[in-house]
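Encoded as structure tokens, here's the structure I'll be asking about.
The letters A, B, C and D name the chains in turn, as written, and every chain counts its residues from 1.
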Amino acid sequence: MILEVKNLCVSVRTKKGLHPLVSDVTFNLEKNHCLGILGESGSGKSLTCKAVMGLLDANFHLEGEVLFHGKNILTMFEKEKSLIRGKEICMVIQNPMTAFNPLFSMENQLLETLQTHLHVKNKKELLRLILEAFEKMNLHEGEAILKKYPHQLSGGMLQRMMIALCIALNPSVIIADEPTTAIDVVNQVEVIRELKKVRELYQTSMLFISHDLSILSQISDTMMVMHQGKIVESGRAQEIIFSPKEAPTKELISTRLKLIEAFQRCVKECSC
Amino acid sequence: MKRLLSDKLAILALSILVTVMIMGLFAPFFSLHDPLEQNIAFKFAGMSWEYPLGTDHLGRCIYSRLIFGIRNTVFLAMLTMVCTIGIGVVVGVISGYYKGVVDEMMMRFCDVMLSFPSQVMILAIVGVLGVGIENIILANIVIKWTWYARMIRGMVAGYNYKNYVLYAKTIGKSDRFIISRHLLPNIFSEIIILATLDMGWVIINISTLSFLGLGIQPPFPEWGAMLSEAKNVLMSNPSQMMAPGVAILVVVASFNILGDALRDMLDVKGVVK
Amino acid sequence: MRNYVLKRLLFTLPMMLAISFIAFVIISFIPSDPAEVALRVNEIIPTHEAVASMRESLGLNDPFLVRYVNWLYDCLRLDFGSSYINHNRLVFDEILRSLPATLKLALFSFILVIVVSFPIGILSAVFKDSITDKVARVFMFLFTAIPNYWLGLILMWFFAIHFNLLPTSGATSFVHYILPAITLSMTYVSTYIRLIRNSMLENMQENYLFYARVRGISEVVIVLKHLFTNSLQSTMNALGMSFVQLIAGTFVIENIFAIPGIGRLCISAIFNRDYPIIQAYILMMGLLFVFCNLFIDIIQTYLDPKQRRSM
Amino acid sequence: MKKIGLAILALVVIGVGFYFSSSKEEPKAEASKKSEQVVTFANFRDIRDLNPHLYSGELYAQNMLFESLVHIANDGKIEPWLATEWKISEDGKTYVFKLREDVSFSDGEKFNAKAAKANFDAILSNIKRHGWLESVRLMDAINQKGGEAVQASGEYELTLKLDAPYYPLLVELGVIRPFRFISPKAFINGTTKDGVSALSGTGRYVLKENHKDEYAVFEVNPNYWGKKPELQKVVVKVIPDNQTRLMALEKGEIDLIFGVNMVDSASYNKFANLKGFRGAMSEPLSTRMILLNTTDAITGDINVRQAIQHATDKETISKAIFAGIESPAELLLSKNTPYANIGLTPYAFDKAKAESLLEASGWMKVEGKKYRQKEGRELAITLNYNSNNVTDKTIAEFLQGEFAKIGMNLNIVGEEEQANRDRMKAGTFQMVFNISWGMPYDPQSFLAGMRKVVYGDYLAQQGLHDKALIDESILHALESTDETKRQEHYRFVLTRLHDEAVYLPLTYERNRAIFNQKLENVGFDVSKYEVPFERMRVK
């Protein structure tokens, strides 16, 4: 068992006391298994994975347990947590355009991450690792990309940089927080394919958060539906899609289907 | 407004300033003696019931001079501020709102004027035109309005593209209406902040002029002049500097604190809770 | 990169011309006639012919524009005319002689500002609303509020007399500059603490910081390398302006700490109505302002990769 | 990017460190302490241009470098200096001086009659600068008539001819400016009015180093003809701010602060009683006074002027403002000034008398008005003072309060030195601070100065009906060779000025100095502008 989350509760400290956001979320993640979390925005899914990574600051109050290889992340010291983050648990975040520091080159920032985690000191060795990761994602002119600055790369390319980091660091868990939302459709397909390839190559288990049902269906083995901070339904991907039990899930799926029909109808109309 | 109340420091500053203003307005009521009345026999007298803060080198009551000094120091600085900002607003709004050649010419002129260090220029003007309150105010205005004009132009230019301004233009509202209804209220709050922050600088600048002998002429009580007079006897009677020095310190610090708090309050993006 | 600099330099030419014009015009505003003043300053009784001959020697009779062009031409040859008080003292030599002391003082306090205000700014931003933040802010407000001549005397009394650590005045060695630099830099230290603190607070919410934490980068590196460098961007042009204002603001400090700088030269020139020196001083200050802004502008565009490509 | 930032910062710091360390090394004065005969003196401004024939240098410095034919002793007597003896012709118009033969300038040039004549000619060639000096005018008059006022009648004999007898000539030769000798080799195109190439004089000290606006170093002239002074070296630091000077003295960075407007009474009292320090004070030298303009509408009225005399409480000014250091002055010139002991009755401090005088001139107290009115106009007089002279400012503020008590509105306006001097020369004032020139100039040069627009005196006296007569009798006093007739002329002038109350005497100024106790026999010369370093020594 890689990751076990037992009735995790997250509430925010406000002047009028604690205001619950996420209440008793429980799930666990086996090796080489992809768990999808489905929910519309504001359902607390991003908050959950931030809690799992231990990234929430003092304004939040956490309860429950997040066991990673048996150790509870919530009670760890900041030092310990930052060691795990990036090395053991890698994350691909939502809006890639602002994910990198505009003042530094890609090479600088990628190297920086590797240097903190892999105790390999000489730069050439680390560069080789990165370029290898690029090759795996069939990105060819790696050196040129490294020399560039974040504002000179497209959203999709930046997303691939993050994935390249995951490949280079070879973590045991990858958390993907809506990686496809902010990029165009073509890149979306590309990113999903690469994430799948990573899973095949390294058997890393993955937590995939999205509000897009079709994306989730392509990549996740089992799925959970979250609504207003609670898990309303969980099960295998197909079951959820074809035989939703809870009202919010139904509602999600039905709107999705209506969308698809509308899309198909207009394709038909303009084709004849 | 709520956030301002929560900042204890700002409240303290605001209350200090309000009490100073009131004491300044009703100076005769608060002071014990006529600030100009001398009795040299009691020169440099220490604190006593008769003279709460002692007496200066001519035996005048320092406490009463401080109270009357508010008028010359704080109100004079305010007057200078109002005139400076007045011109700054007029120029800033015109060039910010009407853009085009007027804006370009005005801004280039401001750039040139701004490229002179303000303190030295004020000194040069007062040194050249001669001493006196009018020259001090004139010098401050001539130098400072360009800074305000540029700041206000920047603000106005920002609001120009806001939808409600554009919409007002499309439905044919008169420029005067747009400026008075939309632009001025918006930039008014930012002007207040600039003014509060700058008040401290003007008070200290007037006090520096007094230090160089170009400030307000005796016998009128003004904190800067009192401080520089006390400086002349620093070695023999160090305590003389306490009263005016602390007065300037407290008032200017309060202006800065208030200005800073106002800016934090208004600049929502900046404040992180 | 080079043509960007050249373009900017060309742009400053009209500005410099305007500054020289204003420096020239300011003097002609003066109520009393320069020729008469030149005579009186040398204790010569301004009889009619004496004034006439002085007007001639100063070339005051030819029209305004001609005088301006001549003056400008001389300035380009670095000949700013000679001081009224002592004809064989060239203004250029006077400025050259007194500039180093002011530059030393300004540079020293500039470094002091950076060395003191940056760390405190970072600390009070990172530990926002903690005790250090509150103490730093109150401390900061107090120090901006003290007129620098009073602060100077207090520091001098405290450190030189009471503790007998530092010399009271003079400008012969490094040690002499410590107290004046502290006094001069005090107002700027507080402004920069505030500037850095606010820009860091603003940048704290940036996404790349979150991603850096996600990548497990240590907090110290995040704050210093990522957060601070970005906040520095916005304080950069303020730094440029402050350096020149430091130079311009030294006349009170030089008066108190007996430093033979350009500030004191200008003060005595103003008091003795030595117009050529005042004119040259205003011109120099204006040009220094323009060049400093230009210099900082270029550095800033160079440091910011987004704009660097556009050069 | 971070590397670049750090690089820039490091570079700047190293550059500054290097730049500072390479700067001038410590002036030797502070390094050597104990027995070495060095004194560090402070002045509020630079010594500037020490050309002896011009007026823009610091007097004490010119006095150290250059010497004259005769010297004026403390009691006013004329003693030999570079001239061992001198004969005055019967008609008082020709003076023959026998010069010392063992004197040379610091650049090696011999001092003889020819060199002396060259100096005199250089002075006379710049007549418009020295016009205020009667002796120069009288010599120039001879040259205008084709005669030769200055002759080198022998290798070591100099003859001066005057167009009319003028007994104060010897005094004017003795003072610091302009009759001092500089080596002819230092002349620029034959004269000194356009500057000098080197400051080579015959004086006890030579200027070694001069860092403008910072400090200057004088050292003993190795080949000085007379007794060499004990003090080997005098360092003059330029410290403009008076508090900084006092702190530097207390800290031991400087050993001596000397001069009337350099030491105010409060700091004198503090250092005189402070452990490790001592204070010294001279005899009353000159009179601190206020000059009233007789041509002005209000101060032109004699009653107003006399009322002002009666309303001024000189006792309190001396006691409260000067802490007794400067004694109250009843008369324009103190009794111990030559020819001034003529028994004039001083104006007593009597407010009632002052008010009755004002009423006699129609200045009535009006209900509800703070100040007296006459035909709708307020009794308002402006007193101008030099704003960086702290004592004058305090007196002005005190008088403002005092005169308000008798219904007179005294506006006091401070202006900087130059503007104040311009105003006096232009005569555009009602009341202005003035000071007599002090011994040895008083009374002759001070009164001579009233005959021309030198300061404010000439224009202020224009309102007097017999101003021409006063000027004439001043001239007679200067030219008469008969002692009693000279005293008669002085009596007439001083009495007229006293009765017309043109001058409001306040206190008799005394020269003062505060110094580190390691310095011994700090005394004063007859002129308050001279600093007698030659008599001082370090314990």
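In this text, a contact is a pair of C-beta atoms (placed from the backbone, for glycine too) under 8 Å apart; a residue touches a chain by one contact, two chains touch by 3 or more.
Computed from a prediction, not measured in an experiment: that's the story for all the values here.
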Between B-C and A-C, flag the pair that has more C-beta pairs in contact. B-C
Chain closest to the assembly centre - both centres taken as Cα means: C
Distance from chain C to chain B - Cα centre to Cα centre, in angstrom: 22
Whole-Å gap between the CA centroids of chain A and chain C: 52
Taking each chain's centre as its mean C-alpha position, how far apart are chain A and chain B in Å? 54
At what distance in angstrom does the C-alpha mean of chain D lie from that of chain B? 43
Mark out which residues of chain D touch at least two other chains, giving numbers and ranges. 1, 243, 247, 250, 416
Which residues belonging to chain C are in contact with no fewer than two other chains? 153, 157, 225, 229, 255, 271, 303, 305
Indicate the residues of chain B shared as contacts by at least two other chains. 130, 231, 234
In the complex with chain B, residue positions of chain C that touch it: 14-15, 18-19, 22, 26-27, 29-31, 128, 137-138, 141-142, 144-150, 153, 157, 194, 198, 201-202, 204-205, 244-245, 247-249, 251-252, 255, 266-267, 270-271, 278, 281-282, 285-286, 289-290, 293
Footprint of chain C on chain D - complex, ascending: 1-2, 4-5, 9, 12-13, 16, 19-21, 23-27, 45, 48-49, 55-56, 128-129, 131, 194-195, 211-215, 237-241, 243-244, 247-248, 250-251, 253, 416-418, 421-422, 425, 453
Flag every residue of chain A that touches chain C in the complex, lowest number first. 53, 55, 78, 82-87, 91, 93, 95, 98-105, 112-113, 116-117, 149-152, 162, 165
Once bound in the complex, which stretches of chain C touch chain D? 32, 37, 40-45, 50, 85-88, 97-98, 104, 107-108, 111, 114, 153, 156-157, 160-161, 164, 167-174, 177, 225, 229, 232, 255-258, 260, 264-265, 268, 271-273, 303, 305
Quick check on the complex: what are the chain B residues that touch chain C? 9, 108, 111-117, 119-121, 123-125, 127-130, 200, 204, 207-208, 211-212, 224, 227-228, 231, 234, 238, 241, 245, 248-253, 256-257, 260, 269-272
